[in-house]
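The structures come next, written out as structure tokens.
Presented sequentially are two complexes of chain A, the first with chain B as partner and the second with chain C.
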Partner chain A sequence: MVTLVRPANEETIMTHHASQRRAYLTLVLISLFCLMPFFWVVLAAFDPKASQFLQIPDGITVNHFWNLLANESGVRWVLNSVGIVGTATLLTLILAGFGGYALSRTQAWWKRPLLYAIILVRIVPPPALIVPVYKVMLFLNEWINNLINSLTSDVAQQVVLSRIFSFVDGYLGLILIQTAMQLPLAIWIMKTFFDAIPKDYEEAAALDGASQWQTVRHVLIPLALPGFAAAGLFAFINAWGDFLMPLMFTSSPELQTLPLGMFRAFLRVDAIDYGFLTALAVIYTLPAVIAFAFARKFLTQTFSGGVKG
Partner chain B sequence: MSQIELINIKKNYMGTEVVKGIDVTINEGEFAVIVGPSGCGKSTLLRMIAGLEDISSGELKIGGKLMNNVSPDQREIAMVFQSYALYPHMTVAENIGFALALKKTDKAEINRRVLEAAKMLELEHLLERKPAALSGGQRQRVAIGRAIVKRPKVILFDEPLSNLDAKLRVQMRTELMRLHREFGSTIVYVTHDQVEAMTMAQKIIVLNNGHVAQMGKPMDLYRDPENTFVAQFIGVPKMNLLRGNLQADVFTLQSGQKLQLDCGYRDGSDLQLGVRPEHLKLELLQPGSGSENNSEHSWTVDVVERLGVESFIHLCNAARDVLVLRLEGDCDLQVDSKVAVRFDCSHCYLFNEAGVRLLPNTAALDLVG
Partner chain C sequence: MFNMTYEARRQFGYRIMMTPALVLMAAFIVFPAFYAFSLSLTDDALLGFAAQESSYVGLRNFSRLFSDPLFWNSLKVTLIFVIGSAVIGQFVLGFASALMLQRPVKYKSIFNAIICLPNAVPEMVVGFLWISMFASGEYGTLNRLVAWFGVEPQQWLYTFPLMSIIIVNTWRGIAFAMILLTSGLASIPKDIYEAARVDGATDTQIFWRITVPMMMPTIFLYMFISTVTTFAIFGLVYTLSRGGPANSTEILGIYIYNQSFTAFQLGYGAAVAVISLVVSMVLGIIYVKALKVEV
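After this line comes the complex of A and B, so read on.
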């Protein structure tokens, strides 16, 4: 009996190994296929003779980057993008923190309708919102510019203030739009995270003599950190890649963000400069990678063992 | 200074009353245990004392001061949660010292007091660990440490031992009693386990369905239960209750068995006779003596539980009355064998239909006495 069983067993083990090898091979091929464009982008960005083909460069150069940052307004685009998206992400996190907490803890009848209304904003494609949003922004813009003009009569000051605080063609407008676009998902993420934090912690803190603010600062925020990391990462990456809103709400070249700059550079150059474009793409990708690396530390940090039963 | 008075305390949740008017005084330094079945309102009552839940009506006084609208941290109480609720992102030392740190106590003082509490609870070697890296019993001790480090006048416990295994529970019971002796704080302790209540309490408050069923010293509740609820709740296995009628000091069971009760109770029908398993005696029926066929006096052995030091015999009779009886040590009874039971009438209780304890006429008592 035993001898009968054994060969069959070995056979299954062998076919098992073979099938596993095949599976791995397929996986490697698929990942190579997916990674190919990235290889090309990175290689081409440092290749003095970059072309549209994947090739091993003869030498290494940083000229494309230099060209982008020094001769074009690359630095400006990066700073604009980082400033606008960074501020919008921060604002999103603050608002989503409060909103998510409130929506998690309330038992009011409007909880569900509101939650679905919030996600609806996310479901509607942004282009469908452009016209009404633009109208609202124009109206606000007029109001803020009147305010600025009444505050100071110095034209130079007026220009600077208007650049920062304008709702159309100004930083404030872009920041608010990006925040509004990223907020729904962030609120949902935060609400789900706060749902998972038992009320016991807050009650324990209350008995320990913590004020509301101390409870938030020492208990809730640390516990919700993975949630903030997830919500922040999504908000940052989404806003970073957004093309439509900067296109609609800016006209001055000084306000251009990276995606816009990239797009215009692509249109402007007659003969396509692959080195320049791939260098731009590398710079464009970098912050998302950094943001992910930063968030990962918190994303994987789960707290357990505080409550039982 | 830390006497707790509850005066007609009630709690409504959206129209349903879950705590229905409770009047209790817990003296300073007393170890009071609130005990009752699941869902009877124990936690709700405790949370109202802590200030985590609004009081719908009635007055709560701690140390003579009205506390209804005082915030939890102003009440000078500490609470140990059933779930422990240790802050998972803080070390044991930070958990214990959190309340002091919030009060901007100076660092050295915090360290000193945390260490003192940790020593008392044998947690010194764990101070730098996070709660996730602790066992259940250690978490429990950290939760207690967090409560005592504030030196509160009142400590509230909500089923603190229910997540521990049986052995650890016994150990923690003695440790809690020792802590109470050392600290002298007033303790209000909630549990659904009557053994915990009996062993630790100086005063037991039995709660049933939002009412106080009875309160008093553990042995008083055991000896003098005022109703069938308390009679069956206190003591394991629970008190036996047998339905029947009483006429001229003779209690007739449904099976027809007659029991002579000596102290003069008033006659009545549909009464319940209560007797504890430890107060019943077994008589083996001699085969062929004739009494074996006397079905009204014979009980059938249903289940025998042997615990070594004692055995519990579950019996039933022709009228489907059930009876649990306690024997010292082992016994060699067979299931389905017939036995007779002797009732010790000085340890019998009588309850009316509604479950309220009936007392013998004092006149009759005098006669007996």
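After this line comes the complex of A and C, so read on.
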């Protein structure tokens, strides 16, 4: 198309072509840099003779993926990760849904300071918390295990309950700490979305005789659905990829999740099964990539909370 | 309860609704953050006598900290890591991607997806992928690449440890810079560019005199967010190098972990954590004040 402002003389066409070439060159180089590390993991996952090095496979096999299903620890890591991160995401959504709605609607004088405080909470670097959080978790752990022991004297029941409800080396502790870490961003996202829903809608529903619960179910939740999607996706991506909390609070093999299970398998330098680990890495990465593809369009909306998704 | 007005009941209801979330954040983030201050004044340990009964030692941990070369080393490593990867690496490559994608190029969404891919990868897998990239010997991927330019095979993670983790984090964060800076570029009115072109400005002039000044708020926002998040990194570096070799990649988070759970000195680890908390809170307050975040 010919622009009206600029005459399409030879000189501008030349610089136009040169700058287009520069644009493509830059983008191709950056893309290659971004893609490079993936070649190895994708090829090795299907390579019968997978190794640490990038190589073109002689043949293609899906055995590594079948072996995962047969491998007890591989299956357990996946199930533990799905269970813990899934529960934490769900809990984050429920708590942030209520919290974000309340923060959006409340007229208390401390609303603004509280919102600023939540930004600061979001900024706290998790590694700075490990010592005091470890102490808190030990304390809660002792309390809950005393409670379990006082509720039942059956040792088998105690072991099961302790596995589920322990704060150190138990499911509950990991779920709660992951939830707490995701809450500041999730609350900000939900608050922003509820801010955009006029209060009139709720009042109109109330005037039409809807109960509080009906208003929430049929008016608020449908309207805030994109907010829930954004908050849930970011909570999932962050908790799914987190390495520090599992490192701190899991030790027994039954509780191992993907990041730590893989890390420890990788540390056994003499006996690394690259086929197994690369297939597992692909399985571990896929949910995060899919979630990120959906979350991407929300990313710019989370900046107002001063936080990276 | 029963003699409250409708409005008062509603306001009370809001408080009830936000309580569970606030309690959870208080228990696992806010309280521990303050607790770190009091722990840093003790000789608490994971093993030995102090583990049973820790005692108050005043500011001894801090005076030890400030004379500990490993602490200063860690602070230096963190600073270089943040500047190298967030302030320079991610920013330059992200800005370049954002600018190029503004142009009428084909396959925009493909370039976009490729650049976003590293950002979605879990930290553990990032370490795993790059250990293969950096593998030593002539079959290591990076070694084969540099061999084209006549460079001998290197032991990247041993010879250039800090540079290596900077490259990895740059790789991971280009997408974030690109997305944020793209949204900034999109908000610059197009007629300013038209006017400049009519006046005969060159591309370089337009970039430095229009794009950069108009992008300043976005660049500031980017610098803040990326500095704070890079400062908090742990898993990415831990899975690659665990702080080694010889503390050369021991960023603050890893230094805290190693002091607390490898050397078992919880009180000392808490003192390092206090420094890290103070730095990020100062950054946070500057940000909240400077940007006047809309609430």
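Keep this in mind: the second predicted complex is superposed on the first by the 251 of 309 C-alpha atoms of A that agree within 3 Å, B and C clash if a C-alpha of one lies under 4 Å from a C-alpha of the other, contacts with A are read in each partner's own complex, and residues count from 1 in each chain.
The definition used in the following text is that a contact is a pair of C-beta atoms (placed from the backbone, for glycine too) under 8 Å apart; a residue touches a chain by one contact, two chains touch by 3 or more.
Predicted model only: the values in this text are computed from it and were never measured.
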Which of the two partners, first being chain B and second being chain C, lies in contact with A:Pro198: first, second, both, or neither? first
Is A:Asp208 touching the first partner chain B, the second partner chain C, both, or neither of them? first
More chain A residues touched by chain B or by chain C? C
Looking at A:Ile187, would you say it contacts chain B, chain C, both, or neither? Reply first, second, both or neither. second
Chain B versus chain C as contact partner of A:Val78, first or second or both or neither: neither
Is A:Ile237 contacted by the first partner chain B, the second partner chain C, both or neither? second
Identify the partner contact of A:Leu258: answer first if only chain B is touched, second if only chain C is, both if each is, neither if none is. second
Output check: A:Pro222 vs chain B and chain C. Expected answer is one of first, second, both, neither. What do you get? first
Share the list of chain A residues that count as touching for chain B in one structure and for chain C in the other. 303-308
Show which residues of chain A lie in contact with chain B when the two form their complex. 198, 200-201, 203-210, 214, 218-219, 222-223, 303-309
Chain A touches which residues of chain C in the complex? 10-11, 13-15, 17-18, 20-22, 24-25, 27-33, 35-36, 39, 93, 96-97, 100-101, 103-105, 111, 113-125, 127-133, 135, 139-141, 144, 171, 174, 176, 179-180, 183, 194, 197-198, 203, 221, 224-226, 228-229, 231-232, 234-235, 238-239, 252-254, 256-257, 260-261, 266, 269-270, 273-274, 276-277, 280-281, 283-285, 287-288, 291, 293-295
Provide the residue numbers of chain B that touch chain A in the complex, in ascending order. 50-52, 71-73, 77-79, 81-89, 98-99, 102-103, 130-134, 136, 139, 146, 150, 162-163
So in the complex, which bits of chain A are touching chain C? 5-6, 15, 19-20, 22-24, 26-27, 30-31, 33-41, 52-55, 95-96, 98-99, 101-103, 105-108, 111-112, 115-116, 118-121, 123-136, 176-177, 179-181, 183-184, 187, 237, 240-244, 247-248, 258-260, 262-263, 266, 277, 281, 284-285, 288-289, 291-293, 296, 299-300, 303-308
